[in-house]
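Before I ask anything, let me first share the structure, which is written out below as structure tokens.
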């Protein structure tokens, strides 16, 4: 490759990752509106502020702490990037590729607090939520990332030796989504149910506020998701049309299964699209499109079933259903890559079901353990929960001193 | 071109079409919110579910049936794609270009049920709507597509021999939009008017629910439209800045004509932008930007005029005005490409007005005929219409068992 | 560079600028919803119509008048573009790059009326607003643009001779945002306060209508902003990852400073993100990411402080706070590029603080002067303000003859 071509390729890679980073950034607007639509009106402002504040905080902690944990100060050093960054040459020489890559990877890390936010909605104190999110995005997530994708490849080496294949997670079913979903589980349990969610041990559904906003959130997430999955190639030359089409098919599997299985329930259909997308991340580069469809359809059914079991059997008040959605479907996606990635099922092969099960379960155990410690410490020090009065009045007035629709609050 | 360059070009083409496909996918969120804002509150959930479910269904039928009809199983075979798809090599060798192209073309097909949805809103049964959409996206649309863009070029050959030019429809004014709009006409007539829409033979406008959502839908559609038109080049090397600027000018012509002609009516202005964009698809690569402006302005005036005539003279209850919008403006776009594409009017030439009229009218006749058969069969078998009780209660509660704003439904 | 490579580079540049233009176009949806959420319900339709109509009008005046002013008919001639445009060859030869560049630059110009719109909301007549916007986008803005970025480089030459550096404004903190913000100041003052905004000389906050829409607007703006800043490279080869990451850091600085400084106020946090993005435009290619963070944080605090001073001390009724937001933060961004662009502060150097102060102040003075003349002439001829009756009834009914939620207006 000649020099002009090399320069051009580098520029194209910067554009490629920049578009990916911005598409994933846009997904955070989706997280925000998914929560706004699902919570009651008195907690909508809180949903909006949590998501944007968590994005801001995640940026800081991931650049300063998370990225060095996962990819190492050595990475920066070796690439000459840290020095370049400091004296500003970075933007000129390599067109700032390493900086944009960091932005791209941050946008994954920031999903962790955004996922948890939906589970603990409507009753959690602001600053503990904010602080726990920082630990999640800056410490808990990058540690697992460093083992799966980053510099601490010892686990991957061991899996390769033991099962003949590393743990395969192309775009983060397990590393990102299941991490967020399973971290949320102890948080939700330690936080306890919302007032009025269960009466005499019986589930009393709390009506959601706004289905169009919920749907808007789902659409924004689904659109941005193509950046999440396709740009995980990280270089334009490595782009795979298969990843795009598998994302499409898994999403469609999730939509159609949700449509039938939920008897046309709008919440389950719009979340079913997300269930499919969560489950396909891991295997999107190795499974057949028909496999992707099945993975997505199963994810959607798993979500609906476990959402109901979580609430009605375990009495866990997971407002947006993030544990069955991101936790269960993420774990399912990791395992599914080991099933549908096999050549016998039309996949590209090179995956080990056992390595997938091992990796997916390791993430689950790690996340639940880390989350339990984190939220238990917070509960026993600063406390997690709004006062009963604040919860009844709503997080918007209690925390942000304003409601979502101030004009409507006026007495004429 | 050397090998490195060839590989890079292929990757860039995959990215190009993927971005186009995702931008058109995002337009479906626009279809959803345009309908949500226009229908009454009691039918908003139904609008949301129809659009996302139709997308899912269209994906399946277009990949399985529609694409082979339009481009042939031979296409797959010749390109080695089907075999590659099956054994998974596709993603590696050609970077999955053919898969992404299929995704891109599907996103056009899926517009057909999304367009019809807006016409039959607020009173149609769910499954007949869903099934008819599948026939539209998987059979009726691909048949015409195969003649215009695909492998059945006999009609194009005949036009070339007769008029000296083929039927030119760059991005689907006729093939996509007029197809959807004219298919909707028999559906709307066979379905009948909404209860209360006409009293004693006089039109009684049913107030729309939410102008901000209508405007949101229009914005999302207009933004994604640049993917619809520009990415119709299908290869990065074939990109044309003229297409982008013509889309802009036609949209602006539609906005400004709508502003003046409708006396600042927000619904007509936001739909006027779409009227311009619909009309420019066909000729966006051959007309002069000033021609594009005029095409868009005329489209906007046509839409407003015929929307009123449709309702007040013909008493047709077309909720979103999809027949004047997509049908009339699509047909106008096909014809306009034959007028403003002429070099004498600043165009690039190579178009025949007679071929354009022929092709545009053929699509109209075909769509109305196919739609009449399809919806008449459905009406006389499973029935098209909700029961009077269900219509009065609203499609949301009747079909989806939930309203758009459940919290507001609670008695305090 | 060989021929194939040259052709490919040209195509890639067209795509690059087209994506940028469309991303900035999408920001106008953000402007619309930011205003919809902030004004009262009775003025939401007016906000929507103003933004889309201003976009349409800006397109026309900028292509016809603004662009020739800023870049010259000679530019078109030299590039052979005007001739090419007229006879249509443009699309074939250069792939229409110049046309798309014009679209890209227009999308900046169109921000000027969109910014002013937020300041004069809820009480201004429609056509004077529309006409003044046309003068802003087609005349006032391009004149300053021509001096800063365009063909009238005499001021830049003089600055270079005097201070050893030209005035540096990479993506328009000063040229675009401060221009819009400071133009709005005389408009707002000449227009006067909304009825009921101040009682007995005391500020009486008028409650905003819809925080989710405000947040939606902010998100849409922030997402599109990456096109605004990154695509200001105007050629793919010139892309800079540093610009993307600096935009991110300034935005995050604005979010976090807003969070803390406003005590978790949702309006200030979501506008704080924008304050940071406005301030970073100028120096995004030369400052260190940590510098960007500080620039954004200071912008956010400046915005909140001056928003309160503007209202409570000066009794200026700036509905969306566009003067402190776009005016003050834009000017601050111009100056900040001269501070944090210095190598001593981690920047890339090549900037002069004095040149930055000079350029930023020149824009401020020019905009206030031009705005005073423009709006004073309009006030004394056609008048600026709605009648008291129309203002009380709301601009929606008064101007557009429809409310934002017509269904809710029905008596059941």
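So that you can tell them apart, the chains are marked A, B and C in the order they are listed, and the count of residues begins at 1 in each.
Going forward, a contact is a pair of C-beta atoms (placed from the backbone, for glycine too) under 8 Å apart; a residue touches a chain by one contact, two chains touch by 3 or more.
Every value quoted in this text rests on a predicted model; they were computed, and no experiment measured them.
Student: Through what angle, to the nearest 5 degrees, does chain B rotate to match chain C on its C-alpha atoms?
Tutor: Rounded to 5 degrees, the superposing rotation is 120 degrees.
Student: Shared numbers divided by all numbers used: is that above or below half for chain A and chain C, i.e. same or different?
Tutor: Since fewer than half of the residue numbers are used by both chains, the interface counts as different.
Student: Could you tell me the distance, in whole angstrom, between the mean C-alpha positions of chain A and chain C?
Tutor: 33
Student: Residues of chain B that touch two or more other chains: which are they?
Tutor: Only 5, 12, 19, 216 qualify.
Student: Any idea which chain A residues touch chain B in the complex?
Tutor: Where chain A meets chain B, its residues are 1, 5, 9, 12, 16, 19, 40-41, 207-212, 215-216, 219-220, 222-223, 226, 230, 236-245, 248-249, 251-252, 255-256, 259, 263-267, 269-270, 273, 285-286, 288-289, 293, 343, 346-349.
Student: Per the contact definition, I'd like the list of chain C residues that touch chain B in the complex.
Tutor: Its residues touching chain B are 4-5, 7-8, 11-12, 14-15, 17-19, 21-22, 25-26, 28-29, 32-33, 36, 44-45, 48-49, 52-53, 55-57, 59-60, 63, 85-92, 94-100, 102-103, 126, 213, 216, 399-410.
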